[in-house]
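Here the structure is laid out as structure tokens; the discussion comes afterwards.
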Amino acid sequence: MLENLFVGIADWLRSLLGGLGTPVEINEAIVMLVKLVAILVFILINALWLVYMERKVAAYMQARIGPNRVGPKGLLQTTADIGKLISKEIVIPGKADKVVFLLAPVLIFVPTLMVFAVIPFGKNMAAIDMNIGVFYLLAIASLSTLFFWMGGWASNSKYSLIGSMRVVAQMVSYELPLVLGLLGVIMIAGSLKMSDIIAAQEHTWFIFTQPIAFLIYFTAAVAETNRCPFDLVEGESEIIAGPYTEYGGMAFAMFFLAEYANIMVICAMATIMFLGGWHAPFGLDFIPSWVWFFLKMYALIFVVMQLRWTYPRIRVDQLMGFSWKVLVPLALANIFITGIGMKIYQAIGW
Amino acid sequence: MFGQGLIKGLQITWKEFWAKKFTVQYPEEQHPVPERFHGKFVLDVDKCIACGLCANACPNKVITIEKQKVGKKQYMTGYIMNIQYCLFCGLCVESCNKDALHYSKDFNMNQYFYRDIPLVLVKREAPAEPEEEEQPAAKAEARPKAKPQAKAEKPAEPAANSEVAAGKVPGKEGE
Amino acid sequence: MLRTQEYFLNFGPQHPSTHGVFQIILTLDGERIVKAEPVCGYLHRGIEKLAESRTYTQVIPYTDRMDYLAAMLQNLGYVQAVEKLMGIEVPERAEYLRIISGELSRLASHLLATGVYALDIGGFTGFLLCFRERERVMDLLEELTGSRMTLSYARIGGVADDAPEGWLDKVKKLMDDMPGYIDEYNGLITGNEIFQARTKFVGQLTPETAINYSLSGPVLRASGVNYDLRKVRPYGIYDRFDFEVPLGENGDCFDRFYCRVREMQQSVRIIQQAIEQIKEVDGPVIAKVPKVLKPPKSDVYHEIESAKGIIGYYVVSDGSNKPYRVHVRRPSFINLGYLDEMLRGYLIADVVAILGSIDIVLGEVDC
């Protein structure tokens, strides 16, 4: 029952609409819309929850207990924060490019939300199971660079400018190892379709066949979301808040929430590509597939948070060096070895 | 080997994650205030002889003592500390020969209005006749009061002034 | 041909990592620093001038406000200067209490420096874990003196009060725990490869320049110059304790940081020895000094090893009960002098690393 909870809801909706006698195309469009809205709501609520989780994890690692005043165990803290931020004025700096300045925080969520359309949260639970799902995800996710740059450039502040230059440099150079890291998996799975990749991991998760690829992907993905130890973009102690320096109120919160939505994307992606997606480990099938998916995703999110609250920040030249001198060659070597391995397996007919 | 320090760091944060938390949840729990804490000042009016040593010892001229001659003795009519300038160094308490000025453990000295900040330890009127001199102190002793500094006598004061005289927050007047 | 242009960046005073209100006007070429102009004075309160209209005793609380992170050491420097001026003998027990509280202050200051340095580099957890122990140190100081940071504990001729019942045992307990904590910092901060990559060979100082610029404290010792006043010219009763002076090799940010960490270990050793020795010492904690201090007409310069470096007090007396002039040689201020040359050629991220490694406290820089 629980296993097919969400699929069941979609089917019920479809049959309900079928009874109305409207054309099938319109019915499908409505179901799709409902799915997308549901994902949207889910992501936004989850982003709020992740902010809370981050603060709790940080606090527990720092010998304190974190937010505990608003709501039970402080659960409503982020909601209250958002309430506060909404009520604040968005100050536009004097010589800022007003249109671009205001557009950036609005658009920052777009790529993140678009990406979620193809992520399968459970068995048959992708809104759209695209045949080039991985490609689509990577292509769309890399768009967010543009909006960081827009915000930083339009602010007309030096700190913002330095921050946004760092964003562009960092995101572009880490895009490469990210993609190359995933390439090994795609080669083995032989498909760009998410459901095919997950199906290929039914017996062995790709983290065991492609451990180096996982490390490369994870490092690059952490850098891609501007998280510590690669959080130079915000680099609080150096350039204050990078591209967001001049933003206040809800505009700032949008950037902030987008960051958490991005973490969710990379962790969901890592779950799909390396941790077997919604496959249950050790044959624990009685737990629904989407629960497994979220368990894996949250475990990874926890790791990302722990990294942030453990490591100091890397320097900008080291960041670039790490990407081009370590990750990219390593990823290329990994692809090479994977290719040879695949040929050998094919030759021995295993 | 490269990476050892990174793993060690993760181990430490993981350990700290489960360790006992150090913070105190302030309004519910309170950190014990040590005996010598430099908190709000308390003046034992009966012991004070209005000699002015504390006022002289103060580096910032925080203490103002008002006195009036009643008969042969000096009678203190006011002991006001401009607490906003106080450094809480303890020189005034040390200088007191009669052991009249003390610190209390009360660290909450914030006020809503600026005019309430000065800490009025004594504000009273001098007795008109020299022979009545002993009466106010006796009266103050007879009346049980929560705060020692509230012992200050305030016979014919306007209401607003008496709040300040007691050194209290206006909202706490009912206590 | 690409035409590039240098630009100015106001680093501070409203900046999260300037350790207070400090401004550096950076001339940048991209992210690289061409020139750095430190601007201080945002926290200037005129303490030296204020001291001229206070009696000798009344100056003590003002010295707290200079290096408020290690207030006892500031008190101590001033008080010892006046004692030198007047030739006052300090009781034995007071000397020990001064050492213990002074070293606790140094510990608190170094803990903060360690934690804040981790924060400057980007590791937030190291910062709060250091604060946890600093809190314990400050609780102890609070129990001894009544204040947490601005202690005003030293008095001319001794200390304000004897240690309360059971206080020494609590200090002993903290000192027993301290090595474990320091290991934790070493694991979390010092041993971290990213941290080392950020700080090693950054902002290097040769011993010659360090001496030429009159730098002192851990900044000087990190360059390999063995100059600790507690060893070289022991004041008080420092000659009775067995401790080492940690030295660095490269004179880079990492050495400056690590010097402080190792100095904490030495402070712990000193305090442990002092606690052992104070048990046999009894007696008054303050010498018999007149209520009104009127030193003879002369001047005196006395310097001690504070947490940030050598703090020197120059006190001139004109025979009245107020000092004619008090001048303070503030280590933070003098250590900042070489900042411009140190920063040149490094990146913006290194500004924070280098500035943090000098460990300034703005109350002292601006005085």
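So that you can tell them apart, the chains are marked A, B and C in the order they are listed, and the count of residues begins at 1 in each.
Everything below uses one rule, namely that a residue touches a chain if its C-beta (ideal position, glycine included) is under 8 Å from a C-beta of that chain, and two chains touch if they have at least 3 such contacts.
None of the values given here were measured: they were computed from a predicted structure.
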item: Chain whose averaged C-alpha position falls nearest the assembly-wide average; value: C
item: Selected interface, A-B versus B-C, where C-beta contact pairs are more numerous; value: B-C
item: Between chain C and chain A, distance of the C-alpha-averaged centres to the nearest whole Å; value: 45
item: Whole-Å separation of chain centres (CA-atom averages), chain B against chain C; value: 32
item: Distance from the mean Cα position of chain B to that of chain A, given in whole angstrom; value: 56
item: In chain C, residues with contacts to at least two other chains; value: 125, 129, 132, 188, 192, 194-195
item: Touching two or more other chains - residue numbers and ranges from chain B; value: 6, 9, 12-13, 16, 22
item: Chain A, residues touching no fewer than two other chains; value: 61-64, 309-311
item: Of all residues in chain A, those that touch chain C in their complex; value: 58, 61-64, 158-159, 162, 228-229, 231-232, 235-240, 309-318
item: Residue ranges of chain C in contact with chain A within the complex; value: 7, 9, 15-17, 31, 118-126, 128-129, 132, 188-189, 192, 194-195, 197-198, 347-352
item: Chain A - residues contacting chain B, complex; value: 57, 60-65, 68, 306-307, 309-311
item: In the complex, chain C residues that touch chain B; value: 54, 57-62, 64, 125, 129, 132, 135, 139, 142-147, 150, 152, 160-161, 164, 184, 187-188, 191-196
item: Parts of chain B lying in touch with chain C, wherever the complex brings them together; value: 2-6, 8-9, 11-13, 16, 22, 31, 34-38, 57-59, 87-91, 94, 103
